[in-house]
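There are two complexes below, and they share chain A, which is joined by chain B in the first and by chain C in the second.
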Partner chain A sequence: MATRVDRFAIPAGIAATLATLAIVFYLPVGSVLVSAINVGGQLTVDPLLTVLRDPFYTGVAHSLFVDPLGVPRGISQWIAAGTPSLRLGLFGFTAYQALLSTVASVVVGLPGAYLLARFEFPGRRLLRSVTILPFVMPSIMVAVGFLAMFGRQGLFNDLLGIVGLGPVELTFTLELVVLAHAFYNAPLVTRLVTAAWESVGARRVETARTLGASPLRAFRDVIVPQLLPATLTAAVLTFVFTFMSFPIVLALGGLQLATVEVWLFARVRDLALTEAATLGAIETALSLGLIYVYLRFEALQVRSSGDSRGLDREPLFAGLRSLADPRRLALLCYGVVVLVLFVGPLASLVIESVTTPAGRLTGDYYAFLLSMQSGSGVGTVRPLAAVSNSVLFALGALALALPMGIVVSVVATRESRGSRLAEALLTAPLAVSGIVLGLGMLRTLVFGTELFGHRLTITGPVAIVAAHAVAGYPFVSRNVTPALSAIDDRLVDAARSLGASRQRALRDVELPLITPALVAGAAFAFAISIGEFDSTVLLAEGVDSATMPVALERYTGNRSLGPNLGPATAMGTVLLAVTTVSFLVIDRVGGRWEG
Partner chain B sequence: MTPGVGIDDLTVAYDDVTALDSVSLSVDEGEFFTLVGPSGCGKTTTLRSIAGLESPRRGVVSIGGHDVTGAPPEDRDTGIVFQNYALFPHMTVRENVAYGLQFAGPLDAGSPEARVTELLELVEVADLADRDPDQLSGGQQQRVALARALAPEPDVLLLDEPLSALDAQLRQRLRVQIRSIQAELGITTVYVTHDQAEALAISDRVAVMHDGRVEQVATPETVYREPATRFVAEFVGDNNVFDGVVSESDRRRATVDGTAFPLPAATDYSGGQSVVLSVRPESIAVESAVSPGNDRAGTLSATVETVEFLGDAYRVHCDWRGRSVVVRTEATEPPAGDVSLRFDSEDVHVV
Partner chain C sequence: MRRRRFLTRTGAGVAGLTALAGCTDLGGSSEPSGTLTVATYSSFTGEETAGNWLKSAFEEEHSDVTVEFETPENGLNQFIQRKSEGVPIDADLYVGLNTGELVRADEQLDSDLFAATTDQVDGADGVKDGLQFDPDGRVIPYDTGYISLVYDEDEVDAPTTFDSLLEPAYEDALIAQNAQQSDPGRAFLLWTIYNEGADGYLDYWQGLLDNGVQILSDWEPAYQAYTDGEAPMVVSYSTDQVYYHGEGVDMSRHQVGFPNDQGYANPEGMAQFADSDNAELAREFMSFVLSEAAQAEIAVRNVQFPSVEGVEPGGDFGEYALEPPEPVTFTYEELSGNVSGWIDEWARQIASN
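After this line comes the complex of A and B, so read on.
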């Protein structure tokens, strides 16, 4: 029955959500894209060609745009010269490091899926939930953790020292960037592949076996075809994320290892906005293409075999026999890698925050966080202000992201046309980096823009909250949509025929049933906002609207506070605590993000 | 007894699909009325229209003579039980049953707490009152859903395939129980099922539906013995249906594929008229030897193809001139090979 809720509230919600997205997302991003092909009102490809023809950006590929006819000759000369290494250029290098990171993530992630899907052990469910953690971890915090773990004085070199190796210098190396990307994305691979592995019906494997397949053949013919789409999906997503990765490369690589995103940031800092916009447009076009590939792979995924019984899990620990089992020994080695790569940086972060370089326990760094003004020079971010800003912005972003996410969920569960629209709305923010969004907001909202005859200016905290809400609302929606569509319409019918009005049924039946998902979505959005760095660092004006991640980056870069990472690690530990609480909330109420 | 239900010229359509096409029915006070038909026939849509969960394009729904067509579900005195029970998963059994009482007026049966206890005892789940629905078996959930629907003392009880998710034995036990509770309360009940045997077993009257229309409304006995349409003849019970033509020379006979079928005495037909004949499997006798037929009886020379042993009888599938004819026989040995199938004129029903 059409009710007032259906007729007015929902269309109004949709209109408000679309309008908000148009102003704080599509307008800014659109302006970046347009500025790449529009100079002074003239349609032109000059800015694009300038970038594409510059070997600095495109490496050897620049000759494709400078002298396309000379390419075959160039290739034959290159082969004649014994295929020396090529100049990659900024885009080439960005893709190269993304490729390395993707390979590393898949290599580290797949054994985890094998472990989680095929073995039973105490803590398996917790470990499976923990794979969601990277989504709520601020990447600048992870970067600081990696510096603390793998730096010259870090825990890793201490460990190497114990076994008589090292020391190794990993700071500002490509290896460290790739490792940090693996920290972020391997759990994603694990998560997606585990889900696919668990959806393999035991009866399919049993059927293959009774038809004569050996265990290995059954694995190849039945299980692998189900894991492959999930693995490819995770790999493409990893490639997109690492292609656009920003804080990790900035903090661990610096300008020596600059990717498109870092260079883009540097150009904005230098106020070369047109060049930055052109870079952003090319980057966004590339990632949109990749996101399209991702969606195609995702559609290939086998949802469910309709076979309720999954594969049986073996016990991981089978007494002394385990020591003779090569699979279990391999998993033990894998466990060591996991400890070093995943636990190490976070543990180092916490340890460094309470120890002096001489190894004494100290609370100084936390005391520093509480000080209102450290007074060590102009431009230093005041720590306490950063903490309170972060919390305030996160609450603001939550207030915006929750209704937006709910509206998109309602649209998605209504009809199939709605669900495609919702999918497009939810995926678009994935394809646009925080830097591009921040840049777009600077160009439009912050500098002011003409809209329907009114001058619209959104600056400082409001712009930051809007950017955070755009980053967070897809998480709200991804959690609420499954909960909402799982509600049987007949529950509402039953309530109404028992005498409840439509509004009462909404309050008594639907709301309680989506509350856990709503809380999980809110925790996601809150954590995303707390950790957001990319657009915040562009939009935070001066020191007054800096957030924790921005402060963290300043402390990492500015060693005037001392020769160690102390203040940064202390701030990082606070972020870690917030993240952990968010994770616990999400895990408690069963939050989800399967891609 | 509670008031009856009237449905007049009811039409429900979604986009281009007509779910109900001008359906008219009337359910008497305290009657157990069943809507039966294959999936997609409109039986559930009819039930939901009575509850106010559909928006009819045309027609009138009335309860106790009052037009409720435009009334929202909460303003109708109906209680509904769905196939999947639709228990509120976030409430206990007791909270589920009590939910409707907060909206109901003063009860005949004392306090809400007493009413909940009374209902839980009526459906024999009083010991499960503090469980969550997901801790209950299907049969228990069904009972709770019934108690919940009955708690606010509705005028009309609506049951939408309430037993179809349960196994056969439990289904039979519960349907007897539902029938006895209904009779005890004297509550007007509309029951939806796709199972014609269930419909015949449980109902005062049955409406057979097909393609959004009502084919026949009658007592179970009449529907079984005197199907009004070919669809009813084929849908309700095992049956053999033949297309015949009344003979020009002898109007007490019809010809099917050149073979004479005797027609019942009570009716009168014109020569050359096309008729649909039905003969129930239990009305046909199987004789092993091919014997000459007499004037009154039809005789088909057939071959046994498959025999099913049912415990108290055999169901025999025979081939007669390329058609399948089903026969039920209580013989102690299964028939085999070439057989004669014989039936009397009174066993033939003209649809």
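After this line comes the complex of A and C, so read on.
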């Protein structure tokens, strides 16, 4: 009996995962993207060509689609003219700012991984837990925090003034947008690389050192190859996310720095759906293509450490000696950067929640939350209900995303034909614009389909949880797949030759070995759910399913305390507090498993 | 007292309507009943809002009626899309659409989303002429905002003309909003087209860009940036001082500027869905919205000007909400067929800069 359950568990898991994906992801997205090539029942590439041939969208690359044969001549003329700067077009500029943001995120994120993976200090676990916080912050709150921190009259300029520098004008610049993207994505780099670093086997480093390798050489030859996949994963994801970045760009940078997503949103708002679908299809193709190329690369990487003992952490504070250690001094400088870039905006947000526009201390915004809580008017979103909805949905999403992620990872680590392609397609929720998904969900799930004279719609809490799980599970599988493929195949083979089924081997041998990766993935899935706005608000039936970001958005539009974002910042602070506590719990519970 | 006066007026209205519609079972004494579903934007509902006041007051007048709200995130588009895809619409009326949205609905749909009701709604003839925006008598304006500039008089002089905004005195001074996604941003763009013409507005905006105008996503981030002192002037509403007045408030940062002595009116209207099976109740509700008491309440709670002639909201609103010397706005006919093109050309020019 047990073996029969065992035999069907993984295929059943795959089927359930695919069914969930089909309903809340592929069907909605497909319904939108198909209109890029299907106009009035006719298959056509015209909308696609119209976009690709428009220099506004593709800049100088539009010649490739207008006059491909003239490209070599164009290039030689360009060189002859002394290589003047080229017009990037909307796609080109979007890719350019995404590239800058990726570099910034990796540069800011890697030292964090070094600190968390290699040093021991009081509060290390706490710090690791809260690195996820930027992930859940609604962009309007990040904009408030960034303006208060980096604005003309912000805290950063005040600090620069104290040391006799500045002021700097960062508002409405690409630099500030890139910094905000690093704020969101550097923690992703830090978390993924920390997890990889923690799984580097100590014995291999020791072996290298015994064989005469210098510490630097051992780092380069043993550690770097093991960190590279995680770093590249984080970089690829950051590029994809910042390529599709939308509200933060226009809130901090302005329309001059518009990305493709801004246009996509404008087209959807104008109900110019063919052009919207075309932009979405090109975006998706680029993102998925990048993810596929990356997965091919990852599959070629060295794997299997087979070593369960990790590197020992050094104490960060080693008395006066630390002051003479260049590594510790560098980490001290890094600490200052972290304070300015991460703590600064978040603390500014908290300060804004107790400050009037005129700069006086106030408790009004929290009193507003209390009045909402006791309010009786229809359409009132109550803060406590939003908190409990958020936590419940996140737990539900977690319960669904973990098995989905594990199933996908098991598929991905199989060495069969097309498994990279399958994995890329299963990672697609990361590569599709939230605007396209939202439009698709509206047309399929919310509008429903007529079945036997009855209209079947898929909305409400269960649909919300499923949508959150689909948005979150790729983070689980992205964490679990590398860990799973690093397990020595001989361990699984041994278990199976002793009579264990594939499921049993997964459960008793592999899962315990990948617990750190599972916990890391769980944290992301939870964070994605807490921060999710677009599909939540779409699938909610009335205000009863409102979550914290939805409440925050409603309070943003509330003018009862005047035209300011005070009430929203108070809710933003509640969101920060609830998320912090949740992650402390997740890491503690996860830590118990890690033993 | 208020109740009796209202009932008398409604009674007269229903009698007139009976004659018009040729119905026989409508007496002045028959009380409407049932559930009225009102679709609107989310900030119209909730604690202390105009929407909730309307709900309670209307339900108080008609004890057998329940008013429910539906607030889809994508607003009117939700219903345009439902109509175009043949999905049922369960709301009876929409509250809160403007001229541009009506133009979009008509451009997207072959059949009518809304019913022509103006002739059958009591009080609709009291709406100010300058605010009427639907030539087909479907949408009835119930309030309006005036887009204007809010500025810091310690940093810049009052912006008297649109041309003055191109001068060095206003370098890096103005924050506006993206007309593709923001109502005030769209209204401000249309206002510049009103003054500079469809042939000249792109040149004018090039001048604004060269002078350092910033275009943020929406009203909230723009006003927040203004509050944080990023620039001394922002595109906003002429009701700014309703929020900022009295002792201890520094009014210098809340001056309202009307360039060319104008303000761009952005009237909000309501209309009954053509597919509503509760049409009579919907019309009853609309005529209630136009009653003097409701008009004054909406003005104060929504911080917008009443649309009906002769209504004077008292209190802070009456004292501090400023009306432009010359309200201007584009008509439905002027926007129809033009507005998307104007906005797209503009946005392309900004983003290519």
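To be clear about the criterion, the second predicted complex is superposed on the first by the 335 of 595 C-alpha atoms of A that agree within 3 Å, B and C clash if a C-alpha of one lies under 4 Å from a C-alpha of the other, contacts with A are read in each partner's own complex, and residues count from 1 in each chain.
We adopt the following convention: a contact is a pair of C-beta atoms (placed from the backbone, for glycine too) under 8 Å apart; a residue touches a chain by one contact, two chains touch by 3 or more.
Owing to the predicted nature of the structure, the values given are computational and were not obtained by experimental measurement.
Participant: Look at A:324 in the shared chain and tell me whether it touches chain B only, chain C only, both, or neither; answer first, second, both or neither.
Facilitator: Touch partners of A:324: none, neither chain B nor chain C.
Participant: Identify the partner contact of A:269: answer first if only chain B is touched, second if only chain C is, both if each is, neither if none is.
Facilitator: The answer is second: A:269 touches chain C but not chain B.
Participant: Check whether A:81 is in contact with chain B, with chain C, with both or with neither, and answer first, second, both or neither.
Facilitator: Neither partner.
Participant: Looking at A:490, would you say it contacts chain B, chain C, both, or neither? Reply first, second, both or neither.
Facilitator: Only chain B is touched by A:490; chain C is not.
Participant: What is the contact status of A:126 with respect to chain B (first) and chain C (second): first, second, both, or neither?
Facilitator: Neither: A:126 stays clear of chain B and chain C.
Participant: Look at A:172 in the shared chain and tell me whether it touches chain B only, chain C only, both, or neither; answer first, second, both or neither.
Facilitator: Touch partner of A:172: chain C, not chain B.
Participant: In the overlay, answer first, second, both or neither for which of chain B and chain C A:500 touches.
Facilitator: Only chain B is touched by A:500; chain C is not.
Participant: For the overlaid complexes, name the partner, chain B or chain C, with more touching residues on chain A.
Facilitator: C
Participant: Show me the chain A residues, by the header's touch rule, that chain B contacts in one structure and chain C contacts in the other.
Facilitator: Of chain A, no residue contacts chain B in one complex and chain C in the other.
Participant: Could you list, by residue number, the parts of chain A that touch chain C in their complex?
Facilitator: Going by the criterion above, the answer is residues 56, 90, 140, 143-144, 147-148, 151-154, 171-172, 247, 250-252, 254-256, 258, 262-263, 265-266, 269-272, 357-358, 371-372, 375-381, 442-443, 447-448, 455, 537-538, 554, 556-560, 562-565.
Participant: Residues of chain A touching chain B in their complex?
Facilitator: 1-2, 488, 490-491, 493-502, 504, 508-509, 512-513
Participant: In the complex of these two chains, what residues of chain B are touching chain A?
Facilitator: 48, 51-53, 55, 72-74, 76, 78-80, 82, 84, 86, 88-90, 99-100, 102-104, 148-149, 152, 158
Participant: Where on chain C does chain A make contact in their complex?
Facilitator: 42-43, 45-49, 51-52, 55, 68-69, 71, 73-74, 77-78, 80-82, 85, 87-88, 104, 108, 178, 180-181, 209, 214-218, 220-221, 223-225, 227-230, 236, 240, 243-244, 249-250, 303, 340, 347-348, 350-353
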